[in-house]
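Take a look at the structures listed below.
One chain, chain A, links the two complexes that follow: it is found with chain B in the first and with chain C in the second.
Presenting the complex of A and B:
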């Protein structure tokens, strides 16, 4: 069993914070398929459409029949550990700092033999299941896990280095007025999170959620208005050095597209909160978090955006809002590039209509706060980049991938 | 000595004092809250353009944004539907002579101390006049409530049935506008009307009556406790916004010691 991870001691202010280092980043274009699958927590390998061979590592032509008709498919991740070794030093800085590091060879039941990371609880010659995870460089890598869960297996240092596990980490949730703030805070605490800070805008206005939030142990409500640059800068100045996970749940939504509104007032507010709010948070909290990605047990690890799945394709009934979500999605991609050197991960949680006032006239299914919180925390624990929460979001991403133009046509003719 | 040189001389000696009746424009200052499906007044926001840095090495400046009715602000007649056809009803059209004038202060602070929904009634105005004389035509009338000493949630005082703050009854504002022919009416609260002003007939009587008659409003004032009941001069020029229905402004009073 894995040694359970202890709550870290208070930081020694006399010691320099370790600077972030990354595992190797180079991959071929073909190998990016593994990364794309890991971003969603899926185990996929290339399969030859002509001869059915399962291929690893990724390549441009089938190693058995030379066909170039290769597709990434979900295949069985199960297999057996053939050989293992523990690397005690390395010329690569990242692994040198983290040695010892267990690696091995796994024979998958579906064919290929794979050199991969090996979890500490895997027994010699034991049955394993391969997990496809993003490493700190954001590349898909495989880690052999025990076939049956073992106690505290999530605390294995090699696995934890690949995930965004909230255990013992401190979290900032941006908006205490959101319906989902309490559910997210509770799910984080259940997952072992340390302090949970929640930002509250406009303290001069009653917040019906406040009493509920104050009842959750370990939660602190602090002033934060993502539309006010000084407010964001002030909170970052105060707690920026101890935010390990930032969850941007601030959202402004009003119905209507361009013509039904006739003005740009709501659109401006949507951009102020949903797009510029994200930018303000990133400018204020991003640099500090990027500097603390190698800061021990409670290192900075993930940036979470909650986005409407209509960032992918507009829902004309919420046309203005959809546009602001598309802007936020685009910015989140930019942030991935800007955070990349630090290893700070951007996780987008895509949701369909949620259970709240502004989706009240829309038919179900709607995502309740608890379902969002559950998928968000599970996504952190799996170190994902993209989470599709609820039936509507999962349906939309499937149709988006099948044909973006067809989906656009369906959405804009009321067949969404 | 001319009147103005005498005034400036007295300003220099402190015999005439300048009192600032303005709140600082602050992102945290409350704005009026309407039902969320309506458009909302934008709060004050400030974004740095440069601060002696790579964005501009020798200078510091900011972009600011806000609604016309944010912070200490002026209401022009065109703000309200009753005043939409009033001549010169927008801030850029108002005769500048209207922006400087006499002011009287009706002290309601005792009543508002114990009653958030305190009403300014005709009787209170008549009692005030019994002590200080008839309100001169063309005066600003300011309702002192000491509400400006509140901050945060207590200022807007929002409950489940809306905000609770003092204001005039329909009869009181009609007396001031139609019989005393005042220039405008000012308060320390977020509006010229009471927090529960929607429940009068007409709803929001101060807005309806003042602006329908081409008169002005001032709200979110402070330091009214530093003004005498009569005899001060109010300087309240809104920004010259084309077609503007109001504007944040610096409100000053000249007070003779």
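Presenting the complex of A and C:
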């Protein structure tokens, strides 16, 4: 049984904060298939299209029939632990700092022999199920888990080092006026989060959500306007050192593309909030969070963007808004590179139409705030990079992967 | 299948070993040149007399054997570079012997050497092989310690080996090393010290692991007539085998490629395990020495723990093993680790081993094992050498 993680004591400001170190980052191009699957929490291995052999480590040719027609597919993650070791020292700084570290050899029922991390609750020579997770370097790694869940299994230090679990962590939600703020705050508290800060722009304006938010224990509403560089900087100065997870839920949305609007006023506001807002938050909060990724139980761990799935392909009815989402998606990819050395993870939650006023003319299915909050917190707990929330987002990414040009044409001819 | 041709007419001479150093500011080039010069001096040859060169090294980058010919002023008509680590010695010997037999070269120098600068070991490990980079290094496998820990764990479960059994190999090799002037380990090692050592990767502790260091080993291959004309003591090759990626279907490596070829080795040499006077195994960890004792026919599979309990493995014992202290007590100088047992065996059967000389040693078996590409060593090799003895 895993020892339950205790809430950390208040930080001693005189002690030096540990500098972040990373596990090895280098991978071959083929091996990056594991990373792509881990970004979505899927367990996939290479399978030979000609002879069906499941292959590991990743190859460029099948070791049974020399076929080069290899594909990443979901296969059974079950197997048995054949041998194990507890590594007590390593030439690699990341593991040296985290020793002892349990690893082992697992033979999967589908064949391959896999060197992997081993969860503390796995029994010696026991049955296991492999999880594919991103490590702090952002690369896919495999960890052997007990076949049946065990108490507090998420608190295992090796597993927690891979996830963005909100337990005992402090969170900033950027926009208290969003319909989803209360649902996200409640889901985070249920998952064991510490303090939840929620930003509120233009406090003088009435906020119908305020009463609901104030009712949630451990929630604190603070002034934050993502379109105002000074406001963002002021809040970062105040709480930047204790934000472990930042959730950017601010967004501005109006219907129409270029011709239907006739001017660029809405487009500017969309860019101000959806794109430049993200950049302002990153510039103000990013450096502080990057410096605190090795800061113990409540270290900085994740940056969350809630993006429209139409960042992938434009929905002409929301053409201007889609463009701002595409800009934000592109910036989030840049942030992944900029945060990489610290291990701070960027998680994008892609959603389809949500249950709110501005999506009123669109047909269902729509994403209710509770579903968004549930998938967001589950994504943090699994340490994901990409979450597709709701039927529309999942449908869009499937079609995007099947053929981006075909999807574009479907959207622009009203078949979206 | 064609019958294996004999290696007759080929002589192994001039065994040369540099001192070993834990860390060195010198390069691999420097260490290789030092060993090569020593071998040539022993044989009374000049560099220009060489017309063949076989090289093994991990830290020569960006050079290979080709670049080294210009660096060292050599003009060989036969050139080889063997990236096979612990099996490099056996493979070099097999290829060089065939080149000499075929007349492609008349005097081949086989050299292996590496430097060990601060942090160079870690950097070597981080890009050792593609599978290691993709699927072992990211799991904290900073070197083969954890790989061999897994293997040792499974071997203990399957064969009932205990830590004391592995300790017997390490302790007796230390006794041998104390008689060798070159070994990096100069202090005695007791079983109590072995068992109480700092754990590295369970069940492996400090004295189960080799110490990376700098050094080089060399020997020359030439026709027997040439060795006799120059009045050089020489060893001959009674038989030699190699094998790569054997038993790929075994989930954990509990046997090596030797098992596929060992019968042919004894048949070629016209002898059996009982006729071997001393054994040099590749010993980066004691478990792999046990595996070789089994796979080379000295006892049945799984019986090595009992075998080491029942035999004295020192130079004066009934089963002399890794007589110079091996890598466990001598140090692992990169690719020279694949040569250390072979060079010592040439000394032994030519009666030139000095303090570690086994009395009456005329037939030695040498074994190589190399390249932990992902979860197991891929290369295995073995040779039986004969000489006139002391």
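The rule we apply is simple: the second predicted complex is superposed on the first by the 416 of 416 C-alpha atoms of A that agree within 3 Å, B and C clash if a C-alpha of one lies under 4 Å from a C-alpha of the other, contacts with A are read in each partner's own complex, and residues count from 1 in each chain.
Here is the rule we use: contacts are C-beta pairs under 8 Å (C-beta built on N, C-alpha and C of every residue); 3 or more make two chains touch, one makes a residue touch a chain.
Model, not experiment: these values are computed from the prediction.
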Partner chain in contact with A:95 - chain B first, chain C second, else both or neither: second
Partner chain in contact with A:23 - chain B first, chain C second, else both or neither: second
Which of chain B and chain C A:230 touches, first, second, both or neither: first
Chain B versus chain C as contact partner of A:266, first or second or both or neither: first
Which superposed partner A:10 touches (first chain B, second chain C, both, neither): neither
Partner chain(s) touched by A:405 [first = chain B, second = chain C, both, neither]: neither
Chain touching more of chain A, residue-wise (chain B, chain C): C
List of chain C residues in touch with chain A within their complex: 121-122, 125-127, 130-131, 133-143, 145-147, 149-151, 153-154, 157, 198-204, 248, 251-252, 374-375
Interface residues, chain A side, partner chain C - complex: 23-24, 26-28, 30-31, 56-58, 63, 82-92, 94-95, 101, 103-105, 107, 113-117, 125, 135, 137, 139, 141
Touching residues on chain A, where the partner in the complex is chain B: 202-206, 225, 227-231, 254, 263, 265-266, 269, 357
For the chain B and chain A complex, residues of the former touching the latter: 27-28, 30, 33, 36-37, 39-40, 43, 45-48, 151-153, 155-156, 158-159
